[in-house]
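Residue numbering begins at 1 within each chain, and the chains themselves are lettered A, B, C, D, E, F, G, H, I, J, K and L in the order written.
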C-alpha cells in the first residue's frame, strides 16, 4: 500500500471478552477477526464494560471495538 | 455460555421498518437478522425515525438498531 | 418499494480513499460496496480525514461512511 | 420528486405529548405540524421523556422530534 | 411548587425490563422507583435495548432511563 | 395546562449576545423571542461563546439556546 | 454590526440537495434560505449524506446544515 | 488525601434552581448535596436550562450538575 | 434471573483510583461498590483519567465507571 | 480581515479558574492567553466545573474553554 | 517509522479558510501548519462552516481540523 | 497551589504509542510531554486504538490523550 492510491477499507464491530484484562480482551477479538475476515489493519476501542461475580471481583472484561481491513479490488 | 470464558461477539447495524409501531419494527429487524446471521443475543436501538403520508399520518416507523450475536470458535 | 411495507435495511461501514477530493473518495467507496454488497440505497458520511505528504500537500482524502442497502426477503 | 434534482428541505423541532404512549405522542406532533407547516416528509425522534403522576404512573409521554418537509421553489 | 423558588432535584439512573414493550418497561421502572425513592416528577429515556430469545423473538425490552424527584428541604 | 392532555410544543434555536454576561445574553434572547414567537415556556443552553476585544477583554458573550413554546390548537 | 452591542440571531436547519457535489448542495440550501429568510450570516454543516443510483453512482448529495441570520429589533 | 493512594469517589446528579442566576443555582444544589451526602469534592455542570415567565423574563435558572464526594473506606 | 421477567436495575457512577493501572482502578471501585450497594451485575467505563507526579510518572489512574445492580422487589 | 480571503486560525484549550464566578474564570483565561499567544479572536466554553470547600460553598469555578486566534502569514 | 516502536504524536486544532471550497480550505490549513509545525502526518475534519455574502452566495468555507505530527525524541 | 486562587491551565492533545499495552502508551506520552512542556498535572484518555500485525497480533497500542499543565503567571 502507498498513500495516494485509491483503495477501500471496511470496519466491523466486535466484542472481545476475557477475564485477564482489557488488552487480553482486545487481542482475543482481534485474533478471532483476523481468522475470519481479511487481513486486519487497525482497531478502535468503542466501549469497555465487564461482568462482576458474586464475590465482587471482575469476572470478565468486555471490550467493544471496531476492526478495519482493506478490501481487495 | 458462562461468564469468565473468552468469547467473541459481533454487532451488525440493521433498520427495521413497520407501519404497526416501534416494537413491530424492532421485531421485524430482529426476525430477519435471526434468519440470516448466527443466533442473536441482544439488540440496541440507535435511532427512531419514520415516514409521513400525504394525509399527515405516520405511514411507517424506521428503527435503526444494532443486533449482536456470538461468533463460533 | 413503497412506504408502509415491512422491510429491512443493513448498514455497513466503509472507508473510501482518493487523492482527488472528498466526493471522489465517497464515490470510490460507494462503487466498491455496490459491486460486493447488494444494491445500495444511500450513504452517510461519518468522518473526513486525510494523509499529508512530505511537501505539505494533502496526498489523499479518507472518508469514513456508512452505506445502506435493502435486505431481500 | 425524483433523485438527482436540486431541492431543499427544512427541519423543525417539535414536542408531541400524549398519555397513550410513544407512538401516540409522535402522531400528535406529526398531525399538528402537518396542519401548520407545508407537507411533511419524515420525522426523527430526538428524545423521549415523560411526566409521573402522584400515584407513580406515567401520566404522559413527551417525545421531542424533528419533522422535515420540502420547501417549494 | 411554583417557578422562581429555590429548590433541588435529584436524578437517578434505572433500567426497567418488560416483555410487553417499551412503555411497559418504562412504567415498571417508574413504579419501582416511586416506591423506594421520594415522589418522582419526570423521567428521561437514555437507551432502549433488549434480549432476543432462541426462536428470534424479542423476549424482553430493557429501557435505561433517568428518573427525577424533588429533594425535601 | 395540565399533565396528561395532548399538546404540542415547538423549539427554536436563537443566539443572544450581550457584553454584560451570560445571564444577560440569555435574557436578551428570551425577551426577543417572547415578542416575536408565541408565549415561551422554557429555554435550554446549547453553547456559550464570545468575542475578545483587541485589549484582551471579553467584549461580548454569545449564548446559543433553544426556546420552547406551546403551539395553539 | 459591531461587537459588544446586544443583538439576536436565529438558526434554522435546512437540507440542500444537489447532484453536483457537497459545495453545490450547500450553496443550493443557502440560496434558498437567503430568499425566504432574512439576510443570512453563516452556515454550519451538520451531516453529509447521499443517494446511490442503480448503477452504483452517487446520484445526489444531501447536506444538512444550520443557517444563521440576525433578527431585526 | 494524597495522590497514589487507592480511594473511591461517587458522583450524584442533582438540579439546582434559582431565580438569581447560574452561579446561585449551582451553589443551591451544592449546599443541599453537602448537607445530605458526605463531604463534596467537586461539581461538573451538565446542562443549563430555565423557565420563562408570562412577561418574557427568565423566572428561574435550572442547572443540572454532577457532584462528587469521596466514599469512606 | 431469567429473561422475560419484569425486573429493575439501578446504575450508580463511581470513580476508582489506583496507582497500579486501569484494571486495578476498576476492581477497586467494583469492590467498594459491592460492599455498600446490593449485589453488582456489571460495570461500564465512562472515562479514564489520571494524575502525573512531579517526575513525570503517572502516579495514579482514575477510572470513572457506572456499576449496575438489580433492585429487589 | 475581510471575508473571502484565505487565512488560518488556531484553537488552544485552556482552563480559567476564579472564585468570583463563571465570567471571571472566562476572563482570567482569556487575559492570560491574550498575553502569551497572538491576538485572540473568540472563545468557546467546553465545560464548567468547580471545587467545593469543606463548608459546602463553591470555592472556585473552573471553566474549560477553547480560544482562537489568527495565525500570521 | 515502523509499527511497534514507541513514539509520540501531537494534535493541533486549526481552521482553514478559503472561498474556493472545502478541499481548498483543508489544503490551506495543512500548508500553513506544515510550515510552522514539525512535519505533519495526517488531518481530521472536525467541523465545516462558512460565511454568506450579502447576495446569498457562500463567500468562504471555514474548515476546523486537527493536524497531527510526530514529536522528535 | 490552593483552591480559590486565580490560575490558568492549558491542555494539549498527544498520542502515545507502545507495544507493551495501554498504560505503557499513556506513560510514554506523559513522559514525553513532561520533558517538553511545563510540569504536567493530569491526563484524560480520549481514544484507544491500535495497529494489527500480519499475524493477527496487536503490534502496538495508540492512546490519544489530553495532558494538562498549569501556566506560570
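Observations on the structure shown:
Assume a residue touches a chain if its C-beta (ideal position, glycine included) is under 8 Å from a C-beta of that chain, and two chains touch if they have at least 3 such contacts.
Listed by chain with UniProt protein names: A, B, C, D, E, F, G, H, I, J, K, L = Dodecin flavoprotein.
On a predicted model such as this, the values are computed, not experimentally measured, just so you know.
Think of each touching pair as a link: the shortest run of links from chain D (Dodecin flavoprotein) to chain L (Dodecin flavoprotein) has 3 of them.
Over half of the residue-numbered contact pairs of F-H are shared by just one pair in J-L, D-F or B-E, which is B-E. Separation between the centroids of chain B (Dodecin flavoprotein) and chain I (Dodecin flavoprotein), computed from CA atoms only, is 29 Å. Averaged C-alpha coordinates give centres for chain A (Dodecin flavoprotein) and chain C (Dodecin flavoprotein) that are 22 Å from one another.
Distance between chain centres (mean CA atoms), chain C (Dodecin flavoprotein) to chain H (Dodecin flavoprotein): 44 Å. One inter-chain figure worth recording: chain I (Dodecin flavoprotein) and chain L (Dodecin flavoprotein) are separated by 22 Å, centre to centre, where each centre is the mean of the chain's CA atoms. Touching of two or more other chains is recorded for residues 12-13, 22, 51 of chain H (Dodecin flavoprotein). Here the touching chains pair up as A-B, A-C, A-I, A-L, B-C, B-D, B-E, C-G, C-K, D-E, D-F, D-G, E-H, E-I, F-G, F-H, F-J, G-K, H-I, H-J, I-L, J-K, J-L, K-L. Within the complex, the chain A (Dodecin flavoprotein) residues that touch chain L (Dodecin flavoprotein) are 22-23, 26-27, 30-31, 34-35, 39-45, 67. Of all residues in chain K (Dodecin flavoprotein), those touching chain J (Dodecin flavoprotein) in their complex are 12-19, 24, 28-29, 32-33, 36, 51, 53, 59-60, 64. Contact residues of chain C (Dodecin flavoprotein) toward chain B (Dodecin flavoprotein) in the complex are 3-13, 66, 68, 71, 73.
On the side of chain D (Dodecin flavoprotein), the complex with chain E (Dodecin flavoprotein) involves touching residues 21-22, 47-52, 54, 56-58, 61.
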